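Next come the structures, one after another.
Below, chain A partners chain B and then partners chain C, in two separate complexes.
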Partner chain A sequence: MVAVESTARPRAWAVVTGQELRDLWLGGRGLLLSLAFSGLLSALSYLVATNQALNFLEQRESVNLTLQVAIAVGAMLALLGGADAISGERERGSLESLLLTPVSRLELTAGKLLAALSLWIAALVVTIPYVWFLGRGIGIVGDALATGALVGTLLAIFLVSLGVLVSIFAGSNRVSLSVSLFVLLALFAPTQFPTSAQQGWAGDLFLRANPLTAGEHYVGKIVVDGHHWSQDVSWLVSPAIAAALFAVLLQSPVRASCN
Partner chain B sequence: MSAAVEARGVRKEYGGLVAVEDLTFAVERGHILGVLGPNGAGKTSAIRVLTTILAPTRGTFAVAGIPSTRPADIRQRIGVLPESAGYPERLTGEEYLRYHARLFGLGKQSARAVAVRLLAEAGLPAGARAPIGTYSRGMRQRLGIARALVNEPQVLFLDEPTMGLDPSGQRQVLTLVRRIARERGATVLLSTHLLAEVEETCSRVLILNRGRVAAEGTVADVSRQAAAPRSARLRVEADSVPKAFRILTAERGIRVVEPTDGQPGTLALTLADKQDSTSMNAALCALAEGGVSVLFFELEGARLSDAFLAMTEAA
Partner chain C sequence: MIRRALIMSALAVSIALALAGPALSGSNRIAVTVDRTAISTSLGHKFSVRSRITNNGGSAASSLVAHLNVLSLRPDVYLDPEDWSSHRTRYLPTIPAGGSVAITWRMQAVNAGSIAVFVAVLPQNGEPRPPATGPTVHVSIARRTTLNSGGILPLALGIPALLAAVSFGLRRRRRASD
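Up next, the complex of A and B:
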């Protein structure tokens, strides 16, 4: 029997995504990062569940803390994937060969962006048993995971796009990774501010405008306070805008370099 | 524009630095064009513009009949081995070629068939299952050329394909280039520093110097354009040197005769007329009539390397 091949041209972004996923996961880099992520969540869950100083936390707060760390670190992994996307290829000398194919630079970038997002998806999957373990018996596991998936995905899209954007302009891979991490730390900085600085209209605006603090605040409202998902949906505005804005912003330099 | 590659007044600037200035040339289908020039002459910039990686600052060009305003269509019809191309170390040669064939729109089965065929064509069947990280530099260059062929290109751009290779590796790559041009009928633009090989391989030559075209044409045309001064070296028996010296200095066509340091029996000659090498015939006849045996003779200034040096050093 002779196999008949489809005459339809493969979608270039899907070919790029497939290759990037193979490189990321079969190459071992993705597995290593997921293993490290899993180790971090194991240590955190152990401390939350057993440590004398931390186990005063209410069960909901334990779930919230674990979920927020998972979102932050999972999105950071995705950011690192994005930050390596273009500058890494450039540094390895393999970018020019890709640009010499008829694949549009937009499709090339989209393929790499989707592959980097898989790091967040993997982090989310790894988080499921920890949230289930910490939240079992109080009926919040489903809501917590759904909220975490929504907020984490928005933040991951925002951060991967940011990482790829930095990666396009960075002179080297090291610069790209450093700048991306610096921006991420700057976005996380407000979470360490004293409570007084987070109050009042200015503090509220600051928290809402920062996609990371707004997203994590929304998770807290659902998981700890037990609010309905629609009740505090305004806190999702900045993560959603950041995700959409940076995904669109990313297209400008990519299109501009397409001649 | 009906030539395989045609450029008109192409200029490329990086900030204030002009890398390519008024690049104008044409090469017909099926030719191998040697692109020569000293380091920094603008060869790589010119190739990067013609392959649509860089947009020209000014000027127009067409590749495979496609104007520069349609870069994606040009990329569909060309194959390129960039200078210092990098490779994913973990992929095997076959996986790498399959991936690029898929990027050019081939289905999975076709891509696999093309990869296997090109690996064999490039002399890499044994390396097909090994990670590229284990390949020698010569194997990587041949893999790069195989990658440039995945889309059956009409025009092939090879930027320094022999750089860093030992003589055997250089020979293998150049043999592969000649075979590609002969069997596929593709036009090849070959940038290299190996002038002897260009002379042997290329049907036409383009010499760039400081971003400008210093000469263009067949090897013979370019050598003539260079008007390189003719000189010669000959070796006779050590005992016959004084006699040979006397005979040669008496010849009107020979301006200077001098012994060569460190090479006993070898004389360096400069001809009186730098364009006319026939005066050397009379000198050789005189030596034969005088009973001097000529053990070695080489006329210099008629080769591409002489033209190259004359053009690039004079500028």
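Up next, the complex of A and C:
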């Protein structure tokens, strides 16, 4: 009987992802960002639970507020991870040696993208106890977490892809981070519009077209209004399109640089 | 004698009219009623008041505005009516003679305490006459703490402390291996 040795090797993108995850998490940067994130959520949930001025909020609204902040900040962390992916390597002088490894650029980018997404996954895990505490007793913890995970993941894919894309073209890491944060702030700006500007067909279209406002609106409908997940699913169209579009767009400059 | 009786009658009618006011003129032909005059609820809860604006005059009433007023009956409570209801002014359609319009005012109890709510109806042309007002709805808002504020502290401190401990442990391990 002849024993057949398995010659299966891990895929290159998995190797890159593993290496990036080790750099991010064992290097301490990911944990430091998660620590800052948990500090923010702690302050927010303590205020929601104890401050007399905020205490009039319904329990559902408290969960919604915490979840929306978690999604926004968690996705921002992922964006920062993405924005550092290529320009950071270039600035640290490690990009050339990375490009010499027998890994295609597409797999290299995919590995970096997945590692940056892990920042969002960690943020989601950190959010679970806060949402559980604020939402227990009214039966919305499961729905809130599932909706948060869905919307947050779509937004994180969109923002990480955007960050990596900016990072490919940016001349320096500072430019990459600045441009990415500027775009993020611009996307968040409509949330500060007065209520009157958010009404009417133009306001509605604007909110729906912006993946961030649309995603946060969907979360509010599920968590605060108690709607069924399929009732307002049209609000998920722009986050889903943005996630798919930017993930595909990201491949173009990478493929072009391979040729 | 007859002349004196006529003068007395005219005087009596004048006094009666002066006391009663112009019954079917101006805003007095508009009557405002509400479905209840006392509400007890808790902080943060939503409630509504249903009002009916009736035209008791002989002709149709048009171009009227109904406005919801919310105020605190205690001087130590600051209240911003905008927080209570974002839709406090309604422009009414023409109300035919003897007809009425129902309006439901939805509010959220933002402050605890003793609150008064009333509806005033006035003409759009800004005519300087007193608006027609409905009865005061007395709203008693009980303070409410839905969340266990003490219980959040271990969680709010515990999670960052746990992450800080893991971060510190990793850093020490890294230094030891270097």
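Note that the second predicted complex is superposed on the first by the 253 of 259 C-alpha atoms of A that agree within 3 Å, B and C clash if a C-alpha of one lies under 4 Å from a C-alpha of the other, contacts with A are read in each partner's own complex, and residues count from 1 in each chain.
Note that in this section contacts are C-beta pairs under 8 Å (C-beta built on N, C-alpha and C of every residue); 3 or more make two chains touch, one makes a residue touch a chain.
Here the structure is a predicted model, which is why all the values come from computation and not from measurement.
Undergrad: Is A:V15 contacted by the first partner chain B, the second partner chain C, both or neither?
TA: It touches chain B, and chain C stays clear.
Undergrad: Just to be sure I read the superposition right, which of the two partners does A:F169 touch: chain B = first, chain C = second, or both, or neither?
TA: Neither partner.
Undergrad: With both complexes superposed on chain A, which partner does A:Y46 reach: first (chain B), second (chain C), both or neither?
TA: second
Undergrad: After superposition on the shared chain, which partner residues are touched by A:F182: those of chain B (first), chain C (second), both, or neither?
TA: In the superposed model, A:F182 contacts neither chain B nor chain C.
Undergrad: If you stack the two complexes on chain A, which partner ends up touching A:V103: first (chain B), second (chain C), both, or neither?
TA: first
Undergrad: Looking at the overlay, does A:L32 come into contact with chain B only (first), chain C only (second), both, or neither?
TA: Second partner only, chain C.
Undergrad: Identify the partner contact of A:R92: answer first if only chain B is touched, second if only chain C is, both if each is, neither if none is.
TA: Touch status of A:R92: first partner only.
Undergrad: Figure out whether A:F193 sits in contact with chain B (first) or chain C (second), or with both, or with neither.
TA: A:F193 contacts neither chain B nor chain C.
Undergrad: For chain A, give the residues common to its interface with chain B and its interface with chain C.
TA: Residues common to the chain A contacts of chain C and of chain B do not exist here, since the sets are disjoint.
Undergrad: Contact residues on chain A for chain C in the complex?
TA: These residues of chain A touch chain C: 26, 28, 31-32, 34-35, 38-39, 41-43, 45-46, 48-50, 55-59, 62, 126, 129-130, 133-134, 195.
Undergrad: Along chain A, where are the residues that touch chain B in the complex?
TA: 3, 5-10, 12, 15-16, 19, 23, 27, 92-94, 96-104, 258-259
Undergrad: Which of the residues in chain B come into contact with chain A in the complex?
TA: Going by the criterion above, the answer is residues 51-53, 55, 71-73, 75-76, 78, 80, 82, 84-88, 90-91, 99-100, 102-110, 144, 147.
Undergrad: Please name which positions on chain C make contact with chain A in the complex.
TA: Interface residues on chain C, with respect to chain A: 43-44, 86, 108-111, 144-149, 151-153, 155-157, 159-160, 163-164, 166-167, 170-171, 174.
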